[in-house]
Each structure stands twice: as C-alpha cells, then as structure tokens.
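Look at the two complexes coming up: chain A is in both, with chain B in one and chain C in the other.
On to the complex of A and B.
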C-alpha cells in the first residue's frame, strides 16, 4: 500500500498540527502527552527567551559598545544559546516524528498505545537514554562546549590589543590562519616549531620503543638469570612520577651546578656542554630523557607479548635451519610489532603532545632571536606560551585547530592501516 | 636391520633427579611405514618425538639415523620435519610464505621456491590457497598447511605431534584418511604421536604403546587389539572387561568360579592370570544358555550399538556391546567363544610374550 492511499488523513493532519508541539498528540487523543509537550514547549520559550535573544545577538555581533558589552562573555553566552537551540530542535523533531508515526498507525487502523503502555514504552526503550543523559549533558558542557569555544575563538581577533572590556573582539574570518602562513615571523616560527615537533616525535618515540623492545628481548632470553630483579629495575623509571624525574633531570643538566657537566663529563675531561642555552643540546638532552622515561612501558608490554609467542614457532624455524637472528627478524619482531602497533601509535601521539617534558625541563627554551617560540617548543608548548605569556589567544586557537587536524588525520590513517585493528586472533 | 631408518638403543631421558621420562627405551623404525606412538599424557611419547627431531638430547643411550649416531646432530641437520600440535604456523605470513619459510632460510632461488611450494600445496590439496592469510583458514586447512610446510623440505621422516587433537570429530576422521593416504603417496616414514587409540588403530602400520617411559607393547593394530600384553594395554586400547583368574592348565582358564575353554597356552598350572574379553565379543542370551550369568545395571545407546553395563555374582563389571537391547535390572546370560578369551600373564616382558605366542598358537589367533 502506498502512502496516502488510506481513507483517513491522520498522518498529514497530525504532522501539520504538530507545528505547535503537542497539538498533534492532542489530535490523537493522547491528552497527557499532548499537554506535557505543550507545556514543555511553552516553558522552553519563556525560560530561554532572553538567553536565546541575547546569546544569538552576541554571537553574531560580539558586542557593539566597549565596557557595556564584554565580547568574550557574549561569545560564551552565544555558545550556550546554540546548545540550547540544538536541544530545542531535537525536542521539536521528536514531537513531529511522534505525531507523524502515530498518525500513520491510525491510518493503518492500528490502536494507539494508552497511557500505561506509553509509560512502559518510555521506561523500556528510553532506559538507556535515561541512564546516559547525565553523562551526555556533562559531555556537552565539559567537552563540546570548550571545543566550540576554541573553534570560534580561532575566527576572532582576540589578543592583547583587542581585550575586553576596554576593547571589543570582532569576527575576522580566516585571517588568523592566513596570517600564520603569510606573515613571515609567524610562518617561520610555525614551520620551525612544526619541524622540531615532528623530529622530536619521531626520534624520541622511536628511541624509547627501540630501547624497550631491545631490552625486553635481551631479558627474555632463556639463559638470563634473575629476570624478576632485572625487570623490576627496568620498570622503576615508570614508577617515579614523570614530573619529579623531569625536574631532577633539569637540575642534573644545569650548566653550572648540574652533576652532568660538573662530574660526569668533567670526569672524561670534556668541556661543559651548554645543555640549557644551546637549542641543539637541549634537544639532545630532551630526547635522552624521554627515552629513559618512556622505555619501561614498552619494555613491560613487549615482555608480555614475547611470553605469549609459542615456543613451537621457534622450533619450527629451528627445523628449517633459521639462525637466531633470522628467528628474531622473521618471527619475534613482526609478532611484537603486530601485537603492539596500536599502542606504539599512541606513544607517537603522546610525544607529539608531550607538554610536560618540554615545559618542565627548560620551559620550551632557550629563547630564539626572531621567533616567538623557544628553541625546543613543540606545537603544544608554543600554544601555551602564546596564551599564557603573549596573550595571542586567537592565534593560539587557530594553531590548536591546525594541530588537532594533524593529530586526528595521522591517527585515523594509522589506525585504519594497522592490521591489529582488523584481526583479533593473531596468536 | 638394514631397512631401519631410526634406531633407539637403551635411550633414557631424565631431568635432574626426577624419575626418568624415558626409561631404557629401544626400538627400530623402518623406512616408509606409518608409526604411531600411543600413550596417555605424560607417558614420554612426545619426548621420543623431540629426541628424534633434535629439540632435546638423550641423557643416556644412542639414537641412530640411517645407521649413524645422531645424538648431537642439530635439529636442522636431520632429515626430519615436525608437524606441531598447534601447527606452529607463522601468523604474520600467508600460506605461501609459511610453506616457503624453510626454503627462504636456505636461500633457494625464487623460481625454485615457487615450484616446490606449489608442489607441496598440491600434495595436500591446497592449490589456489597461496595468498590466503593463516587466520582465514579453517582448522583442517591449517593442518594441511603445516603438513605442506613439513614435506616441502623433502625430509625422510615426518613427525606429527598430536596434530589432529584440535579438530572436531568429523574433520578428524577425514584427516585420518588423508594422512594415511598422503603417507602412502609420499612413501616416507611418518611417526605420529597421539593419545587417541582409535586414531592409532585406524592409521598405523605399527603402534608403540607407551606408558611411564617404557614401551609396553609394539605391533600391528590387530596384534595389539587382539592380544594385549598386559592390563594397561588392554585397558588403553579399546574397551575391555578384565577379570583376574587362574590358568588351570593350558587351554583351560578359571574365572568367576567357573572353568572355561580357551586357546592360550604356555603357562604353569594354576598360575594366577588376568583375562580380557572385549565387549563386542560378548553375546546376550538367555540365562540358561549363557556361559556367564549377569545382572544388567545400566544401558546406553551409542548409535551403532547398545553399551550395556552388567555385574556378575562376584561383582565384576561386564561391559557388553550389543545391537540387541537389554532390560535394566534383568538377569541375562553372556555367551562367548573360546577364542574371545585372551589370557595375560603378570609382569611378562614383550620378548617373553612374543616367544610364548609363537610357541603356543598355531596362527589361528584369538577373537575374530
């Protein structure tokens, strides 16, 4: 039966009536539901009228008079208004759909559920949503709200010279993004920071992974005695809170008082190295520290994987005459990488955003002439510097978006490529 | 023996001061036959396999391969390949690469590898599966890949370590036929380890029944089934009714207070013995016609037959396989031929057992 071939037109009527929420339900003689929809819709408008009015106006104009209008607050109110509108629309669509569906039922001659059944229905089918809703609301205000704020901020000129309440903030479209690529100092800084971020991510992570895997394989050899103790010692760097270790390292690398320059290097008769003032040395120190901090986790994980590789695989390879190195290359390494690939990716993304180490070790420094980022600043610490020290809020927001773009796309691409996400029973 | 490809001479395997896993074991394996090492878990059968493969070394005794002592030859230098229990296929390589693994290690040319792998795969009926990933293969197919990987190296002996235990019943039966067939076609020696007596009986030319690190009995499947040497073998191979009795004289045995005619001989008079009668050799009949009178205790329908458990007046259990149904709780008679009785001496070695059989049976044999 095609639509509209029914003798009655309840479906259409209810849909049209439901343009005012509740009327469609009343038309279906579902009085309680209809009245509550009406009341809900009315109260929505009464309660939120001002917020919507003010918020949407503020969102569009970002204020018209300095001192009276605070642009950032208006932006926040605007986002809240947007969220409220989305909720309202959701409710409205639900109301339309409900009226339409019930109309269809009536057209087909089916009985509509009575109040008791509706209640049951709500409790049964709506239960998961009911349970989810507090978490969902929290999510909206804790995650989605700030993300929206940053995204919108990236399209304003909010910085030191456009700071409310004395000045207004304005929408500037893509100007921030264009500036980053067009203005020399921004472009140079952006690409040098991006370059170092990539080098840092790649080198530091690869070092820590290689070190962890290497040590795990060595310790896992059959004839190594005292495995438990060796493993415990190797896990220790993981057990100490990272920021404590970093601060201790920062002290050790101090150029004049640090034990590395004063004792260790001096012992070999080498001149003190400028760990904190020469960007290259700071970078080397950072990579060494991160390897030290990061390898225990890889070590522990690889040890677990190694122990789950069946001995028979090695025996089969022995029969075929494989040498120890061939066994390592053809069996151990591929299996370890297979099993740990997803976690290795998270290691790379972790270091990409490893703010702690960069900031705590040398504050992203040493400072570089002709650049508004420090010599070891990675994107994330540069953003911090822009917001906290030079009040370049809108630029920082724009860079944040660029950074997220990189992280998200790399992660997606890698996750899809890795076989570990397609198959579950590798071993 | 000239035809022996593998020979164990008084081989013992012992870890530290534990009781030996293998205790003074000697046997010979002939070229081109299908051997089965049969025994319960922990009996030492896998240890024998690992000794042959070279994964472990004997504590004592000599192992000969083609009449050359091979105790210390490394695994890859032996003309032996193993099919492992869980196949030990490399999960990150596809079927072709799994089979080619050994050849690649030997740095063979690509064209040659391709030809050999194709040949090996066609031997196990896996043509066209070269590019499949291992995880896409079913249990039976993985099994065949494992066999292909073993035969591609053209070994003289293939060792199979309970390779069928992970398969379901139907597939297992199918693979039994296939393995047997493959062994005939290849003409190389298979040494098969299992704890499944049916598998052993169905596939082997020769079975070694092993228990507690010693070979209990070796022989063809029929030999071992019809003439088990002792209680362990009788019990392990197939279902059996075992009762104690005594040999009044040759060809006359006493059990459950009655004397029965039998065909065994070579005993001292009134020697205490154990008597085996297979459940399928017992026939249900009336109480009057039966040689034994028993009371039916329980009954199970097994498909091909009923398995009836019954007890005589001495409390011995008698298991009967019959196509006829019995009534639980009823008294019935059991009839059997003199040939159905098999008498076992206590603590007889295999050598003595064989000698006695040769002397006192005129080839007519027992049972069916």
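On to the complex of A and C.
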C-alpha cells in the first residue's frame, strides 16, 4: 500500500504537529500522553537551559577570559551538556515515532489504545528498560563520561603552560598526535616504550599461561597424592592483594638488603645483581614476578576445565592403545586451550595495561638519561608519569587514545573469535 | 594393575618442590613480620631471634585496624549487594526482551569491559571531584557499581539464557507481578552464578588498591590495603610494621579463600567457558 492512498492524512498531520512534542499525541486525542510529553519537553528546556547554553558555549570556546572561565570545568560541563542532548534527542525521536505510528494506525482505520491499555503497554514495554537504566546510567557516568573527556582532551593544548585558572586551554586539532610522531624525542620515547610494552605483554603472559596450564595438568594427574594441599598452595598467591605481593617482591629484590642478592644468589656464588638500577635486570625481575602473580588464575581455571573433561575420552583412548603423551597431546591440551582461549586473550590485554606491577615495583624506573619515560615504563605507566609528574595532560590523553585503539582492536578480534568458538560447540 | 608408577612419583616430587618455591614469599613475610627493623636489615632470611608479637599490637593501634576492617567490609558488602541487584535484573530483562535496543545496550556493556581502568582513572577523578564522589564511601561504592556492572551483567546474561522461560510465563498468568516473578522465581534459579559473581567481585573489591587510593584521602576512610600501604612510602619503608600489617590484612582474605576454594575453581571455570 503506498502512502497517501488513505482518505485521511492523520499520519502526516501528527508527524508535523509533533515537532512540538505532545501535540501529535493530543491530535490523536491521547490527552494524558500528550500532556505528559508537553510537560516533559517543557521541563527539559527549563531545567537544562542554563547547562546546555553554558555547556555548549564552553565546549566550543573553552572559555574566553582567564580566571573567570576555567577551561577544564567548561569542558566537563560541555560533555554533560552533550550527554543531556543525546538523551533529549532520544526522547524527541521516540515522540515523533509514536505520533507517526499512531497516525498510521488511524489512517488504516484501527482503533488507538485507550488510557488503560496505554498504561499496560508502558508498564510492559518500559519495565525492562526501567530495570536496565540504573546500570546503564552508572556506566555512562563512570566509564563513558571519562572516555569522552580523554578523547576531547587529546585535541587541546592542556599542559603545564596552559593550565587553568591562570591560562586558557585551546583546541589544537591533531597537533598532539602529529607531535608524538614528528618531534624526535617524543617519537623515540613512544616507540621504545611501545616496543617494551609489546615484549613485556608477550613474554610475561606466555610465561604465566604456560606455567599455569602445565602445573594444573601435573597436579591433576589421577594418581598424584595430596592434590588438595598442592592445589591450595598454588592458588594462594591469588588470595594476596597484588600490590602487597609486589611490595614484598620489591623488598626481596632490593639491591642492598634484599634476600635474593644476599642469600639466594650469594649461595651460588654469584655477584649481587643490580635489580633496581639496570633496566635489563629490572625487566627480568618483572617478568618473573608477573609469572608468580598471574599463574594462579590460569591454574584455577585450567583445573576447573580438566575436571569437566569426561573420563570416557581417556578410557576410549587407552583401549585404542594411545600412550599417555598422545592422550595429553590429542585430548587434554586441545580441550583446555579451546575452553580457555577467550580468557587467555584477556590475560594479554591485562598485562598490556599492568600498571600496578610496573608502578609499584620500581616506579617504572630505573630512570633513563635523556628520556621522559623510565626504563621499564609501559605505555600506561608512562601516561601516568606524564600526567602526574610533568603535567603533559593533552599529550597523555593523545597517547591514551593510541593505546585504547590497540586494546580495542585486540578485544574486538577476540570477541569475534569467541563467537565462532561458540558456534563450533566442541564441549 | 599398579598405576602408581615411578613417573607419577617424580611428578609429585616436582609439584611439591615447586609448591615450596611458591611459598617462599609467604615465609619471608611471616618471619620478618616478627622481627625488629634492624634484624630484618641484617638478615632477611634467618629465623627471628625472638618473636616480636608487639609489631602486631603496634600496627593494630597505628592503622586503627578495626576501623580499616570495617571500611573494607562495608564497601565490599554494599558494592556486592548493589552489583547483584542491578546486574541480575538488567541481564534478565536484556535476555527476555530480544530487541535491537537490547542488543545495543548489551554491546555497550561488553565494550566497557575491555576498556582498561587506568585509561579512565585520571578523568574519572576530575569528574568525581566535581560530582562530589571523592572522599566518601558511598561515592566509592557508586564507582564500583559502574566498573563492576559489565562483568557481572555478562556472567548473568550467559546464565539467564539457560533458565527456561515457561515457569515465568505461567507465573505471570497466575497474576504475579514482574518484580514478583523475578525475585520469587528467577533469582533463586540464578544462585550458582550469583555465587560466582559475589566471589569474583569480593576478591576484586576487597583487594583493590588503586581506586580507593584515588578516591579516599581521609585517614578515617582508609581501607585495609590503603592502611597497609601507608608503611611503604616512596623512600621510607618500615618493613617490620609493614609486614605485620600485611599479615593482618591478608588473613581475612585467605580464610575466605580457603573456605570457598571449591566454589572459586568451579565458578571461574563456568564463568570463563561460557
């Protein structure tokens, strides 16, 4: 049926009237709905007028007079205003759609729902979203809001020399990104930090995963006695808050009084090693510590998976004359890797951003001459350093965006894989 | 058929040796928490000359342990309750109303899961300051809601799919309200995954260091991890006090852990495989 073939034009009329929210509904003689839409729209403008006005002005100009206008607060207000606008637009679209749909119904000669039915509809269709809204709103303010803030900040010149309230911050377009790649010191630092971040992520994670899976398989051998105790010991490091373990390790690796230099290495007759002042050794120490910190989780997970592998598989293999190594290679390992692959990948993203360990062990140090990053700084701890000690807010934000780009693309790839995993349905 | 072969024996010995290696850090913490500072510096590995239990008493006083314990407890409990209520209801309705909007909302939550906390922490503090969420326990709890909802919702979402819808429908026909259906019928069925969610969130929140460090500055509001770390300043590390504080702090977690070990292994496996 093409448009305009009806004798009436309710659809079009209602849509046009709905440019002012509520009028379209009144036109349909849905008085209660129409009035509440009108009231909602009016109160939206009354309540948010100042915020929208101020926020959008601030977002565009970032302030005009130092001391009177605080650019960063204006930016925050601007983001708030943007979020309010998005919610407002959502409501507005809903209003248009409602009027249009009901107009269509009337054109087709259908009866519209009365107040009682509308109420029921609202309860039934609105209830799910009402229930979701607290979680969603929290997410918007705790996660999405800061992300918008970082994204916008990356396009400003907010740093030590442009810091409110004494100075104004300005939009500078892609300058921060260009600087990172063009100015020598930034480029060299960025790529050397990125390089170590990748090496660190790959080596440390692979180590901890291999260790966790290997130990789980050994401990869960059928005939091993005292499984429960060994298992408990292996999971114990997980119970200790990571920062505690890191501090303890920092003490153990201390160059002057740490046990590792004083007792363990001395026992083998080796000279004390400069764990804290020589970048290479700090890196080795970090990888060893991460293995200790990270493997219990993998161990626990693999143990869970191993316990769910049906015994018949092994029995059938035994009947077919498979050796225990063959059983391991063809049954245990594929099943474990298959079931845990999605989580294994999150371990890589976790280490990519393992701020706690790098920061608490040696503050990203030892310091390197001629560089604003420490010898073991990974991207995230470098960003922290830039923000906290040298007030390079906008550069830090730009690097944050580059980092997020990497993490998000890995994560997307991972989720795609997870889905294909589900479809194959192996277990 | 004798299955206890030489090979298993070797593996067992190997496992035990490794276990001992992994226990070394615990050994250091425990014995050094009972020594004087000077004795730690002289020899960190030796058995204490005399057991200085006074370290523990001093620490108890200095960090006001009952206060810190109470703060940690209230934060963990409130965050857990909120997260379970918010995310279980949301996940249930997301699964039961399969629309485009539901799908978009779900993707939003999942996407938030992969964003590293450290990338948002600094702007979050700026915004938290403006919204008056800093330096208050309710403010911290609200932030935990925001950060915890994605994972909890994800776990519930996977589980709700396995709950048959027929029971709900018949209850609805019998005149049960939506809330009634959820709390009386669906929620009890979600118990296994609720256990997993609570365990994971408890371990995370109780042991969390970075977020409380950023949010809570006032001494009265400190959680156990914060109070403990006060002995480990950048340049002056009071190892004797600090290690005793560590012991006090990790004891509750270890007890929690030992009691729930079975659930933890099961929970992790079921949460991750889905």
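A few notes on this one:
Just so we're on the same page, the second predicted complex is superposed on the first by the 406 of 427 C-alpha atoms of A that agree within 3 Å, B and C clash if a C-alpha of one lies under 4 Å from a C-alpha of the other, contacts with A are read in each partner's own complex, and residues count from 1 in each chain.
Just so it is clear, a contact is a pair of C-beta atoms (placed from the backbone, for glycine too) under 8 Å apart; a residue touches a chain by one contact, two chains touch by 3 or more.
Model, not experiment: these values are computed from the prediction.
Of the two partner chains, neither chain B nor chain C is touched by A:371. By the touch criterion stated above, A:321 is placed in contact with chain B alone, chain C being left untouched.
When both complexes are overlaid on chain A, the residue A:206 reaches neither chain B nor chain C.
In the superposition on chain A, contact is made by A:310 with chain B only, not with chain C. By the touch criterion defined above, A:233 lies against chain C but remains apart from chain B after alignment on the C-alpha atoms of chain A. Legend: residue contacts after superposition of the two complexes on their common chain; A:349 is shown touching chain C, with no touch to chain B. With both complexes placed on chain A, chain A has more residues touched by C than by the other of chain B and chain C. Under the contact criterion defined above, the residues of chain A that touch both chain B in one complex and chain C in the other are 427. Taken in their complex, chain A has these residues touching chain C: 72-73, 76, 123, 127-129, 131-132, 134-136, 138-139, 141-147, 149-150, 153, 215, 218-219, 221-226, 230-245, 247-249, 251-252, 257-259, 262-263, 292, 297, 300-301, 303-305, 307-308, 339-340, 342-343, 349, 352-353, 355-356, 363, 380, 383-384, 387, 396, 400, 403-404, 407-408, 411, 415, 427. On the chain B side of its complex with chain A, the touching residues are 53, 55, 74-77, 80-82, 84-86, 88, 90-92, 101-102, 105-106, 135, 149, 153.
Chain A contributes residues 310, 312-313, 315-322, 326, 330-331, 334-335, 338, 423, 425-427 to its touches with chain B in the complex. Touching chain A in their complex are the following residues of chain C: 3-5, 8, 11-12, 14-16, 18-19, 22-23, 25-26, 28-29, 40-41, 43-45, 86-87, 89-90, 92-94, 96-97, 101-102, 105, 108-112, 114-124, 126-127, 130-131, 142-143, 145-147, 149-150, 153, 178, 203, 206-210, 225, 228-229, 232, 234, 237, 239, 242-243, 246, 249-250, 253-254, 256-258, 261, 264-266, 268-270, 272-273.
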